[in-house]
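Same chain, two partners: subunit A is paired with subunit B first, then with subunit C.
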Partner chain A sequence: MKELFPAKQVGGYIFSLVLTIIALLVYFLDFTFPIAMSILLVTAFVQATVQLVLFMHAGETEDGKAIYTNVLYGIIIAVVTIIGSLLILIWDM
Partner chain B sequence: MKIDHTQPLEYGTHQNQLNILGFWIFLGAEIMLFATLFTAYFIMEHRTGNGPTGPEIFEISPVLIETFVLLTSSFTIGLAVHAMRIGRKKAMLAFLGITLLLGLGFLSVEIFEFMHYYHVGATYQTSGFTAALLTTLGTHGAHVTLGLFWGLSIIIQVAKDGINARTANKSFIFSLYWHFLDVVWIFIFSFIYLKGMM
Partner chain C sequence: MEFFERFAVPHPSPAIYASMVAIVVVSLAIVVGLTYFKKWGYLWREWLTTVDHKKIGIMYLISAILMLFRGGADAIMMRAQLSMPENQLLDAQHYNEIFTTHGVVMIIFMAMPFIFAFMNIVVPLQIGARDVAFPRLNAISFWLFFFGAMLFNISFVVGGSPDAGWTSYFPLAGTEFSESVGTNYYMIAIQISGIGSLMTGINMITTILKMRAPGMSLMKMPMFTWATFMACVIIIFAFPVLTIALLMGTTDRLFATNFFTSTNGGMDMLWANFFWVWGHPEVYILILPAFGLYSEIISTFSGRNLYGYKSMVGSMVIISLLSFLVWTHHFFTMGQGALTNSIFSISTMAIAVPTGVKIFNWLLTMWKGKIRFTVPMLYSVGFIPLFTIGGVTGVMLAMSAADYQYHNTMFLVAHFHNTIIPGVVFAMLAGLHYYWPKMFGFMLNERIGKWAFWFLSIGFVLAFFPMYITGLDGQARRMYTYSEATGFGPLNFVAFIGAGLMTIAFCIIVYNILYSIKNSPRNVGDDPWNARTLEWATHNPVPEYNFARTPHVASSEALWDVKKNGHELFKGDIEKIHMPNNSGVPFIMGVIFFIAGFSFVFALWVPAVIALIGIFACMVLRSFEKDDGRYISVEEIKATESTYGGANS
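And then the complex of A and B:
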């Protein structure tokens, strides 16, 4: 039975739960907006990384580099799309 | 078909390796798809017109259930892939089954949540905010729904054919898809719900 629950996966799961609970603090406590957003950005991206590296085995084979490059490219386009649109349409810059 | 035994079975053939890389490229495109939805949401977030605002309609308990259920299902499908790699077919099928049940649980809560939105007057046509919100949540929910049918067909194939290079490859790719849905949910949870409720 024990061999079905590798420490790496169980650890990743517990770490994700902890990160979710830290993120929840912004709901239960009164942080200022910049601090709350910083907490959310850190917990969300760390948790996404845990999924990518631990659960999705992204870097496991020789294709790891291509996979990470591709994901990074996706993230860059995502950030540019979101921040760029907000700059023009919401923040009026 | 030449199988390379130095690699996990799902990478065993050249075609298998290409399939996995190809699916990662698809996931890259999915990141951009959800980025456009988040863009629309962040722009429309405060354009509520005569309709309700985020803090008025968001409820923490269904969101928490959805978050923990989906996170746990992401964990159990990780265990399914691990069981597959050590050749434990029964355990793999059990973990896949649990994953899909949790997925079904997630979807039920989300449907319940959508009904709640409908009852409080937050429908697709209410405002820019509700349209962007429901499109983003709905796209994620549609992905989960597709995943349930996909996962079911994976279970049937593994149950019938056992763990071989073909079924291992298919199962692994499905696990990538399922993990990705949890990644998207982390961002929905953080930047739609928690940001909206704080």
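And then the complex of A and C:
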């Protein structure tokens, strides 16, 4: 019985629902802008990770390493691009 | 009538009317010719519907050469206009349109298809694969590129060319200052072919990671495959930025959004930022495959293995990362502070280090080698000193404080032509001569090829080195004329002569192709260059299944192992081979994309929506299509192999 029950997936499903509810709270409760944005950013990234790992099965096949390298590389480039753009256009303009 | 007025050219001239006539005449001639010689069926079966990586590569190649001449015509017109002070050959508006289309055509529609041509033709052969990972997708990539290019190229006779520069900076490129549809063409044509490029990137990476012959670990891949791999990594991270920036620019122009406007909360500088977030990696997308070709050619014609294989790979990996960390150097003068400029100055200079490592590796490969000065080798040897000068002036430009002096002058123009022509164009021509027998089974004439090389190199030096001087003296780029008092006249005249020599060189190359088609002997054998890598271990021209039996590889120089160490590449019996089926859908999708693009350019919403639905219909159809490919039987393979004289059957 235990092997048949997809505990990981059901847990992930509940977890992603919880994340969605937290994100929704931002709409219903009165947070300041920075706090609201931080909550949204964090829940969004955790949500994306849950989807990628649990439901899109990243890392379960033999090219898991390639997939994670790729994702990591993408994140690094995205972060550098965003920080660089903020630096150029706002912080140091 | 009112409806058709929008298609008129806003700023016509006799030359444009003449081109309209020429386009109509040439199209008619093609249609009549195809009908007369009954070639429609052949064209459709063998080319338009093909998914064979070699044929797609050849189509990229032909398109690239055509676009080289289109962009070259623009170039010679610009040089003619600038050859004398106060010249009246072109007016300011035409000059603007010409430098814009020259830049776009050369980068997006000449250099990109040229590198895709070699990626397609060479990579599957170098890794011993039957085709790329997604052959149908590959055909879609090509047709998107092709129809994107066609859309861009009709702009000057239908509705007017873009005129805001190949960088298309806002607010100039916004509707307020660029009223004609020209910039719509820019946004949409590049978008369409950019999607194709992105798909090629994904396709090549998958091919290289998944389809290598047994025994070929990553560190045993030939260098051109490595270069393609790294260039495609850059493609899949850089092109999405362009896609989104173009989309935002399109909505600004068509739907009056305010991403890049200077009012209503828009930010025009954001375009420049996005453009170069893509644009700098783009120049490395072009140069890495070129480096790969040079590596193959230099090692073959020095009769030695490539010096420093690991450092070659390492430097490309570093370049691919660093290329994302330097984009600000294209707008040091935009107004950001010294801190930002310093950071990006340093990261820019850092790129010169791995590039230098590669230069030294090539030099050390040739060191003590037995060098054969064939045409491909001539281009490669010419590349090293000329490109190094481009790199050195690049490092000069990288000093942000000094760049205030150089920026947007002819010095900058000299720099990037100095990297792109000896870097990319020489590599493509070297590759053209080197892989010609692989593609067509005969060689290009060496003597004529050498003439072309010398005309091109001398022409290049005469055309671009004077610009370093006039640039330092203050000649700005993109100015359609200058007064005699500036003293720029004589050097610009020299540049015009150089451009003339380069034009002659390109004509010689085409003449060489025609001459060799007629006169070259056809029995060149499988290994005309005494080469080292796996792609030369099959026949010339390559049979559609590439290798009759799967090769088993022991090093990055599989063929050399066979020749020198008696390595056994092909083991076992010939088995039936699984091949993908041809399909007309990619071509049809390309046509629909063209219609959609054209409708968007002119804001014709009904055909635009219908065409978009058509595109989705094609994709839905594809998901329900059952296509298991086909098999080539053992008898067929044996029959084909025996026509080659049974070399390794």
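In the analysis below, the second predicted complex is superposed on the first by the 83 of 93 C-alpha atoms of A that agree within 3 Å, B and C clash if a C-alpha of one lies under 4 Å from a C-alpha of the other, contacts with A are read in each partner's own complex, and residues count from 1 in each chain.
One rule holds for everything that comes next: a contact is a pair of C-beta atoms (placed from the backbone, for glycine too) under 8 Å apart; a residue touches a chain by one contact, two chains touch by 3 or more.
Please read all numbers here as calculations on a predicted model, not as lab measurements.
Engineer: Could you classify subunit B and subunit C on subunit A, in the superposed arrangement, as clash or fit?
Structural biologist: Once both complexes are aligned on subunit A, subunit B and subunit C clash.
Engineer: Applying the touch criterion given at the start, work out whether A:87 contacts subunit B, subunit C, both or neither, answering first, second, both or neither.
Structural biologist: After superposing on A, A:87 lies in contact with subunit C but is clear of subunit B.
Engineer: Looking at A:18 after the superposition, I want to know if it touches subunit B, subunit C, both of them or none. Which is it: first, second, both, neither?
Structural biologist: Once the two structures are laid over each other on A, A:18 reaches no partner at all.
Engineer: Identify the partner contact of A:77: answer first if only subunit B is touched, second if only subunit C is, both if each is, neither if none is.
Structural biologist: Both subunit B and subunit C are touched by A:77.
Engineer: Taking the superposition as given, does A:35 touch the first partner, subunit B, the second, subunit C, both, or neither?
Structural biologist: neither
Engineer: Name the contact category of A:63: first (subunit B only), second (subunit C only), both, or neither.
Structural biologist: A:63: touches subunit B and subunit C.
Engineer: Applying the document's definition of touching, compare subunit B and subunit C: which contacts more of subunit A?
Structural biologist: Looking at subunit B versus subunit C, the one contacting more residues of subunit A is B.
Engineer: Show which residues of subunit A both subunit B and subunit C reach, each in its own complex.
Structural biologist: On subunit A, the overlap between the subunit B and subunit C contacts is residues 63, 66, 73-74, 77, 81, 85, 89.
Engineer: Looking at the complex, which residues from subunit A come into contact with subunit C?
Structural biologist: 63, 66, 73-74, 77, 80-81, 84-85, 87-89, 92-93
Engineer: Per the contact definition, I'd like the list of subunit B residues that touch subunit A in the complex.
Structural biologist: Going by the criterion above, the answer is residues 7-8, 11, 17, 20-21, 24-25, 27-32, 34-36, 38-39, 42-43, 60, 64, 67-68, 71-72, 74-75, 78-79, 81-83, 86, 88, 91, 175-176, 179-180, 182-183, 186-187, 189-191, 194-195, 197-198.
Engineer: Considering the complex alone, what residue numbers of subunit C touch subunit A?
Structural biologist: Against subunit A, subunit C makes touches at 209, 233, 237, 241, 267, 269-270, 273, 277, 324-325, 327-328, 334-337, 339-340, 343.
Engineer: In the complex, go through subunit A and note every residue touching subunit B.
Structural biologist: 3-6, 9, 12-13, 16-17, 20, 23-24, 26-27, 31, 36-37, 40-41, 43-44, 47-48, 51-52, 54-58, 60-61, 63, 66-67, 70-71, 73-75, 77-79, 81-82, 85-86, 89-90
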